Each structure stands twice: as structure tokens, then as C-alpha cells.
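Structure record follows, encoded as C-alpha cells.
Per-chain residue numbering starts at 1, and chain names A, B, C and D are given in the order in which the chains are listed.
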Amino acid sequence: MFYPLAAVTVVSALAVITARNPVRSAMALVATLASLAVCFVALGAHLVAALQIIVYAGAVMVLFLFVIMLLNVQEDPHEGGRTGLKVAAAAIGAALAALFGTVLLRGGGSVEGAWPAGFGTTRALARVLFGDYLVAFELTSVLLLVAVVGAVVLARHDSDESDPGEVEEPQ
Amino acid sequence: MVESAAYLRFIVLVPLAGTVFNVLLGRRVSRAVVATVACLAVALAFATSLRAFFSLPADGALIDDAYSWIRAGSLNVDLALVGDRLSVLMCLIVTGVGFLIHVYSIGYMSHDSDVARYFAYLNLFTASMLLLVLGADLPVMFIGWEGVGLCSYLLIGFWYEDVEKAKAGMKAFIVNRVGDAGFLLGMFLLFWAMSAHGNASLRFADINAAAPSLGVATATAVALLLFVGATGKSAQIPLFVWLPDAMAGPTPVSALIHAATMVTAGVYMIARLHGLYAFAPRALHLVATVGALTALFAATVAITQNDIKKVLAYSTISQLGYMFVGLGVGAYAAAIFHLMTHAFFKALLFLCAGSVIHAMGGEQDIRKMGGLRHLMPTTSLTFLVATLAIAGVPGLSGFFSKDEILSAAFTGGHYGIWITGVATAGLTAFYMTRLLVLTFYGVYRGDPLAYGGIHESPASMTIPLSILAVLAAVGGYVGVPALLGGHNALGSFLEPVLGSHEAHMGAVVEFGLMASSVALALAGIWLAVVLYTAAPDADEQLGRRMGGAYRTVAGAYFVDALYGRVFVRGAVGWGRALWRWVDVGLIDALVNGTGTAAQRLSASVRRWATGNVADYAMSLLVGVVALVGFLVLQGLG
Amino acid sequence: MSVWLIGAIKSLVVVVMVLQLSAFLLWIERKGSALIQNRLGANRAHIFGVVPFNLGFLNTLVADPVKLFTKEDFVPAGSDRFLHALAPFMALFPAIITFAAIPFGDSIRVAGRTIDLQAVHLDVGLLYILAMVSMGVYGVVIAGWASNNRWALLGSIRGSAQMISYELAMGLALVCVVLTYGSVDLQAIVRDQGRTLYGVVPAWGVLYQPVAFVLIFIAGMAESKRVPFDIPEAESELISGYFTEYSGGKQAAFMLADFAEVVLVAGLVTTLFFGGWQVPWLTAQGWKFPGAELISLSPWTVTILQVAAFSVKVLFFCWLQILIRWTVPRFRYDQLMNLGWKRMMPIALANVVITAAVILVWGRAA
Amino acid sequence: MITAAHYLALSAILFFIGATGVVTRRNLIVIFMSIEIMLNAANLAFVAAAAILGKMDGQTIVFFVMTVAAAEAAVGLAVMIALFRNVETVKADEVGALRW
């Protein structure tokens, strides 16, 4: 079960960075996120998996698609340029993966061992979230509020352009 | 005995207030208000000086400790004013003559467009001069010293649109800087010496008191350095060259600054420090020698000048020489006496010259004048009085003061100096009579068309002339020597400050001395009258006959040209060399090199900042790989 | 292995049920709309051309799909073929697998094994449904993008904006439900509704959360993009919206997805607010009418009754949606957005606050 | 037997893919997506760690990562819209006005 899942994840992730068309990249990313959600389920994180789909696949990626369509970003015919950079990036990325892999593999342990009762349930997560991490949780809400306001301010047209009432005011 | 008198500061502050008023509001109010404020300020200063004069303690001074100026280490300098007999007398001269000249200026400057600026400068000058006179210590005097220098520069270059006049102002300023450097060095040395003797004060009283303990060498060095300052300010050899050029300024300015007051600052300063100079006999001797040489030298030059103001300028230099002779032979009171009488008659002479120039529409060449006494009777008469006074005709002020100096010189055994002085007296009588005759007597030689326009000056000018004429005539009677039945009131008045200088040779000798100088003076007058009445163009014949010698004298012995060639051109050459080799070659190269190096370096470094996020991410990635690799290796090892 | 087998069987059952129900709805819609509009409706699908053998919905049930799937599968020039093909499945797939979490009956015991009548028993069932509903938007977006057609793109942008907007109100309303039941497990929520209030009234969710019911029902209809929320399709404006460039089987998939969503909304509303598979007063042992003796029933009977009750409820809400679809005219775009953001969202927020306050003061009902 | 190491290796590979994408792609939106991949790789590592340790903290961190990622996406995409409105491009190498 793990290997096909991992294969799907990796292939779709590769598709994200190799696809010429941003929409295809986005769809590949959705696939990556979905298969990662399945990984989460396999690791006993049901709630995180659901959140992964709701937040990432359901909201963030739709936002991405929305922006892609809004800006009408076309396929990039010159995307093939800078081969040297790509090769170097791939080499360094591989080195990084190898290094991380080295480190992470040494910290291996079973993931199918005896989890404590209620591990990964909504209740368990809520207990930690609203216990040890309460302050961080509240701060996160502030962060989101700020982000929303910031996004609105940034993406908004200038008010004098978008307000037709001003223009139609009789002289 | 010292009395506190806080009103002394108003002698300085009232003219200063006049300046402030005319600077801030002068352009907005009428000319009448400007002039009234300026004259009133000086008049008030004169009145305050009179009050100080009448409240002088019998033996002592009035002190106004206005403000503690500098407190640094052992150095204590107060912005203090001292009103003793010397300084109050000077105040009266400055404000009195100054007031008359202010009034005169109303008429003289009536056609000028920038009266407010003129009177602002004039008031500022008066304030500075009074500060110089009243200052209780050397630094305060130095402020006044620099202040009058600044005003002199500003007023010489008053008509700055004329480049020559602006240049004359700069010349005066620069030459004075040379002298000021000496003054400053002297002041520093004096402070050092005073500190070394445990009395870190620069008060005149302290200096004069401490002078004996300074040692002859130190005292001489200080005295010489300060004398350098005095030669600058008072136009003595070798720093006289600026004064003839200073005639570029308005004539009342020449009268006030370059005849009556500022140029006497050097004399006043040495008189103030007489205690110090008394212990530097060599320096004192040099003062006398320089004064005598300057007097003779300037008198010879004055004979050959054709510009009415230039003649008076060289005359001033010559008379200042007399004063230095007086100082040099230890007759400080006599020097101050001559300073006072000279202030009267030389101011009068300049003002008369101004009246003539005013009437002639700016013409200053005496060869184009003549016969003006019919057209300008008051000016002519007052000029005659002044001429007789300066020539030393007995009974007039110049006779008494000059005679006192000369007799002091002879009495002191300075026979060479005495001979020089007597010769100068003859020359003085000659060139002054020449000036008088060429200007006011004989026939008119100028532009016939302008003849009809020549007229006597207005009352605002003639009244000061008359008053000064009276002063020039009778001013000498404050110092009638005992020989002539007087008791030298001025001398005894100043005695508490300057000490007495009574050394009599006997009546016969003194009469002989007096007679010789008087005879020489009368001879000079007679010669001039005979020569120039008969032939107004006598100078040209003289010039032809004497050739190079005459040209040398007429060109003031080419001192100016020499300075120009040696110092000015040398300085310019040095400046050019420094600019080209040091400034451009070294400093600029260093600065530009630094800039260029930084630019080149950054030009190569900035390639890193491609503006492409991918490259930044790439370098970030490389860094992460390196870091993680290091950690992994460390963990594995 | 039997776990897998049981799961597979359950999944198959659910998928078939949903698909058949969707197809059935197609016929209901045709005849229903005819009924509403006082006309005959679809009546030309004969078997061998014999009228008596026109077996009503069965004919249409077969004829419509056959007709659709045999039409030309047209792909417009300049479109992204892969994404163009992917889109219908992206639309249909989430709609169908959402049912996996919806319980259609209580657990039964077969051969010593307890089997939930629910494709997958998920701890986070409600969130799962929310997640899958949010995935539904991709079908719309990709379809419009891949069609290389302005109307299609406009339709998909409208569709995605609409779905995101109403998801918000729906999510907030679901929060109220979660607060009420104290669980996100759908089976637990349904079981909780088996209680009675004062021993008489079945404790269905609608009694606790009427506002949330209305909000979720409206939002659900908006998610299914049907009239009056058919802005993304809007025949009179955008030809056919995001699936303008689709034909044949792919178009059938979109239609199927629409009807699947209708069923999904009905199922969700039923589960959350109308007791799910609960039959009033029916317990695992039999009927226990208030004030009456227990009428004992066998477990199988009870199970069948429960599944039937669930089906009837779902069908009722499907019919309600069709009724609304053929009754109310289409919103304008601004009206749609105003309703979503300025009406439903604040109401949902207020509802959350009030619910939380009530629970804080009086405690949970259960 | 699937161990945590498998998941961690998967996480490393995903991170590498994301990093490579950030460096090689020119389209800012795709770069953004690559960053999301990297974030998700980290998430996977967290969840795996939670599974290894049997503690919920790892999953809680993922919750925060998701929240921050959502905020980042909102602001980042708004920036991109503003950028596009001004310079008509979302190519990373064409937006170099502040270089040098």
C-alpha cells in the first residue's frame, strides 16, 4: 500500500515542477496533496488528513487556480531555458534529499506500533491544540485575520478606479 | 580704586542697537529715520561717555563686569569693560568725532541708495571701536580689534559693484590679517607667560602689573608680536600698503576709520600695555624707529601724490608714525595727545576733502582743482585751519602735540629720531600747503563745464566742519607745556594711567628745539606757497627733472609692487602648486580612488544580485546543503 | 481479507445506489418539471414502439444514458485534452465518494461480525464530507479552463467563486451541528438522534438547529449549481457554462455529478437534521411508541425499515430540491454573492456564537 | 514492514522536488506551488514523527503549518495579482526592477 502511494506522490510532485502549463501543475499538486492526505491517514492522522484536503486541496489550491485563470497565465514557451541552472538545482536538490534522507533514516522507528488509545482522533488533537498550544492557536487566528486584510488591500483595485459612483457624480 | 559702573556697557550696546535696527528695519523706514537712529545712537554713546568722564574716580577706574565669557582650565576671560582715564578719553574722541562724522554723512551720503547699510556698518564700527577701547582684557580688545577690521573691510568695499573698491577692501582685510596673526601670537605667548607666573589673566591691569616678572626676553617677544599687530592696524612699515587703497571707501569713512579712530588702535593698544613695553626697551626702541621711518617715508610720498585723499592717507600714515615715535620714546601721554589732536584735524581734513569731492562730483585729482575758496568758503577756511594745525604752526593744536613728542624724543636722547621727526615736520608743512594751494587757491584747472555746478556743501556737512575746525584750532590747549606757561592738563590727567614723562632739558634747549621745528615748518609752508602759487604744474617739472627718483617716491617706493610680486604672486604660486599637486594629485586621487575602488568592487559584487528569485533560492539551497552536510558529517563522525 | 471484501461490497452498493438514484432523478426531474409546468414530459421512449410497454421511468432511465453515451465525444481545438477528459471525473468522483461516509442504517451483525451500514466508518466523517464537497469545485474549474472557450472559462470562474463562497456558510453551519452533537462522526450523530424529547418527540437535529438546516440546505443547493444557483451554467448567458464544450459521455458525467450532488445534499440534510436512518420510535428491539408496549421486531426487519426510512427521507429532499429548481428563477450574480456573503455568512456566524453560548450555559442536549 | 523511515525518505524526496522546482521554474505561481510541496514534505515528516513517538504534538504542528501556509497563499497570491496588474507578468526573472 505504501509503495504505490509513494509513487503517486512523487510522480505527481514531479509533474508539478515539470508541467509547462500552470493549471496542470496545480492539478498535479492537488494529486500530491490528496495522496499525502492518504499518507496521513495511514499514519493515524485522520483529522490532519481531512484538514489537508479541506484547507489545501479545497481552499488554497482553488485560490491558486482562481489566480491562474484570473491572470490568464499561458504556457511558457521559454520555460526550457537555463539548462545549467536546472541541472545544478537538480544535483543540489538530490544532495539535499540524500542528506535529509541520511539523517531521517537514522531516526527510523515503527509507525505501526502501539499508538496510545485515541491517537489521531479529533478529540486528542483538540486536547493538545487547546491545551499546550492555546496561545499559538489564538495567535494563528490573528495571523489569518491580518492575512485576509492584507490580501484584500493588495488585490483590490484603486478605489478611485473601482467606484463608479464617484465618476457619475453630476458636476 | 575700582568702581563698578554697569552703564559702561551701554556705550557699546547703544551703537550696536542702532546697527540691529538699521539691519532689520533700515530698508523699510525712510532715510531720515535711518540717519536719525544712527546719529542718535552715537550721540547717546557720547553722552554716556561724558557721564563716565565726570564720574571717574580720582585715581582708579570704572569697571563693568558684564559677563563671564571663558572659563577653561586656568583661563578666565570676562567680558569686562574698564573705564579709566585713558579709555574714557578715547571714548570721548571716538564718539565725539564719530558723532560729527555721522552727521556729516547724512549730507554726504544723501545721494546713495543704500544708506541703511552704510549707517548700520558705521554704527557697528563705532560699537566695535568702543569695545576695543573699553575692553578690560586683551581678548575683549581683540573682539573689538577684529570688529573694526571687519567694518573697515565692509566700508572700504561699500561700493562693491566697483571691483577695484571691493579688491581694496579685501587688501585691507588681508594685510590686517597678517598683523592680527602677530597680535594673536603675542596674546598666546603672553597668556603662556602669565600662566607660567601663576596669574592666568589677560587683564591689562594684571599684565602691566606682572610685566616686571615676565623677564625681558619674554616681554620683548610679546611686545614685538603685538607691535606687528599694531603696524597692521595702524598702517606702519611694513604693513602700511592697505591704507592708501582704503581711500576707495566713502570719504566720511576715511575720516572716521582711516584717520581719526581705527588706525590709532595700535597706538592705543601699546599705550594700554605701556607697563609691558616699559620692560622691553629694545622693542620700544624699534617702535620709535619704525614710527620715525614711517613718518618720513610717508611724508615724502605724500608730496608726490595728486589724489586729494591719497595725500591725506599718506599724511595719516606719517602722523601715525609720529604717535609711534611718541610711544617709542616713552612719551605715552604725548602720543595720546597727538592721537587726539590728529583725530580732530585729520578728520577735518578728510571731511573737507569729502566736501570738495562732493562738490566736484567725485573728482579727486588736485591738478584739476584750484580756486575753490571762492566757491566753498567754509570748506576752504576750515581746511586752512586744519592745514595750519597739522603743519605745526604755533598756537594751533598740532603744534603742541607734535612738539611734545619731538621734545620727548630729544630729551630721551634719540637724536636721530628727533632729526627725522623735525624733517618730517617740514615736509608735512610743505605737502599740506601744496594740497591747500592746489585745491583752494590759484585758478580753476578742471572741466570748465563743471565749474558752475560747484557749490558749498549743505549745513549738515559744514556745521561738523566748523566744530572740528574749532577743535583743531584750540584742541591743543589741553596740553600746553609748562614752558609756554601751561601745565599740560592732559598729561597730568593721564598720569594715573600712563605715568608721567617729565624730563626737562632746560628752557633754552627746549625753546631751541621748538624754534627749529617751527622754523622748518614755516619754511615748508613758504616754499610750497611760493612754488605752487607760481606754477601749479611744478610737480611735472620736478618729475621731469628728477626722473627715476621722483617716480620711485611717487610710486611709494614700489613697496606695493614688491609685495605683489613676492607675497601675492608667491602665495598664488604656492596655492596653485598645492592645488595642482596636493589637492588634485594627492587628495582628489585618494578620494576618487576610494570611490572608484568601491564602485569597481560593487560592480563585480552586484552581479550576485541578479534580481532573479531563482538565483537567490539557488544560493540559499547551496547554503542549506552545506549546513546540513556539515551537521550530518558531524553526526556521523 | 474479508474486511476488504466487506468494504468492497459496501462501496459497490453505495456507488450503485447513488448512480441509480441520480439516473432516477433525471426521470423524476423530467416528469416532475412536466407536472409542475402542466405538460406531459418525456413520453417517447417506447419499447419496440408499443405504448403499453412504455414502462415510464425505466425507459427513460435506459434511453437517456444510451443516447448520451453514443453521441460523439467532441474535444474543441486548442484545448488541453488531458484536463478536458479529467474534468468530468473530477466533478463526478468527489460527489460519489462523499457518500462513503454517510450511514444508511445501523450496524448489523452477520456471522458474528459487526458491519456498519456505511461504506467507511470515519472518525472525522463530517470533515470528510466537507473535504469532498470542496473537491467538487475542481471539476468545474478544470472543465472551463480545458475547454479553451471564453464562456466556459467565465462559467468556471463563476462556479468556483460561488462554490467557495457557499462553502463558507456551509462550514460555519456545520460547526453548529458539531457543537450540538459534540462529534464529527456521522454515525454517532445519527444514533444521537434516536432519542426522544420528553419521551415523545424524536430528537431530530432540525429541532436543535433549524437555522443551520436552512443554511446547509441552501448552501448545498448552491454547491450543486442548479437553479436558482445555476449562475455557472446560465444557459441564457453562457450557453452552457463550464461544460459548453462537452458532449456525449463526458456531458453525461457532469449531469450525473449534478444529480449526485442533489442526492448528496438530501443525504446530508437527512443525516444531520432528520435522523438519518432513524425511524421514529423504532429501537433495535422493535417499535416503542410513546405510551404503548414494545412491538418486537427482528433485527433484519429493523434494518430494512431503517434503510427504507433513510431512502424515503433522501427522496423527499431530492424532490424538494427539484421543486425549488423548477419554481424559483435564477439569481443575478451580485444577488448570489450578496446572499452568500452578506446574509448567510453573518447568520451562520451568529448561529455559531448563539449555539456556543447556549451550550456553555445549559450544556449539551445529549 | 513499512517503517517511519519510509515516510521520512518520502518526505526528503518531496522536499528535494519542491526545492528544485523553486530554483528552476520561472513562473511565480509554480514557484509558489513548489514551496507548498516543501511545506507538505515537512508536514509529512511531522506526522511521521508523531506516529513514531505516539504523541499528538507533531500533528498539532501540522495544523499550524497549514494555517500559516493558507495565510501565506492568500497574501502571496494577492501580491501576485498586484504585481501582474503593474508589470503584466508573473515571471520571476522579468521582475527585476529592484535589482542593483
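Everything below uses one rule, namely that contacts are C-beta pairs under 8 Å (C-beta built on N, C-alpha and C of every residue); 3 or more make two chains touch, one makes a residue touch a chain.
Worth saying up front: this structure is predicted, and the values here are computed from it rather than measured.
Colleague: Which chain has the mean of its C-alpha atoms lying nearest to the mean of all protein C-alpha atoms shown?
Modeller: Central chain is D.
Colleague: Between A-D and B-D, name the chain pair that shares the greater number of C-beta pairs in contact.
Modeller: Greater number of contacting C-beta pairs: A-D.
Colleague: Any idea how many Å lie between the Cα centroids of subunit C and subunit D?
Modeller: Result: the chain centres lie 34 Å from each other.
Colleague: Using mean CA coordinates as chain centres, what's the subunit A-subunit D distance in Å?
Modeller: About 6 Å separates the centre of subunit A from that of subunit D.
Colleague: So how far apart, in whole Å, are subunit B and subunit D when each is placed at the average of its C-alpha atoms?
Modeller: Here the centre of subunit D sits 86 Å away from the centre of subunit B.
Colleague: In whole angstrom, what separates the CA-based centres of subunit A and subunit C?
Modeller: Distance between chain centres: 28 Å.
Colleague: Any chance you could list the residues of subunit C touching two or more other chains?
Modeller: Residues of subunit C touching two or more partner chains: there are none.
Colleague: Among the residues of subunit A, pick out those that touch two or more other chains and give their numbers.
Modeller: Touching at least two other chains: 47, 51, 59, 70, 82, 85, 89, 92-93, 96, 100, 120.
Colleague: Among the residues of subunit D, which ones contact at least 2 other chains?
Modeller: 19, 23-26
Colleague: Draw the chains as points, connect those that touch, then say whether the picture is a line, ring, star, complete or other.
Modeller: Contact map by chain: other.
Colleague: What are all the touching pairs of chains?
Modeller: Inter-chain contacts occur between A-B, A-C, A-D, B-D.
Colleague: Using the touch definition from the top, list the residues of subunit B that touch subunit D in their complex.
Modeller: 606, 609-614, 617-618, 621
Colleague: Report the residues of subunit A in contact with subunit D in the complex, numbered from low to high.
Modeller: Of all residues in subunit A, those touching subunit D are 1-2, 6, 9-10, 13-14, 16-17, 22, 25-26, 29, 32-33, 36, 39-40, 43-45, 47-48, 51-52, 55-56, 59-60, 63-64, 67-68, 70-71, 73, 76, 78-79, 81-82, 85-86, 89-90, 92-94, 96-98, 100-101, 104-105, 107-116, 119-120, 124-125, 127-129, 132-133, 136-137, 140, 143-144, 146-148, 150-155, 157.
Colleague: Applying the document's contact rule, which stretches of subunit A touch subunit B when the two form their complex?
Modeller: 82, 85, 88-89, 92-93, 95-96, 99-100, 102-103, 106
Colleague: Quick check on the complex: what are the subunit B residues that touch subunit A?
Modeller: 614-615, 618, 621-622, 624-625, 628-629, 631-632, 635-636
Colleague: Once bound in the complex, which stretches of subunit C touch subunit A?
Modeller: Per the touch definition, subunit C meets subunit A at residues 80, 82-83, 86, 122-124, 127-128, 130-135, 137-138, 141-142, 144-146, 153, 156-157, 160-161, 164, 167, 184.
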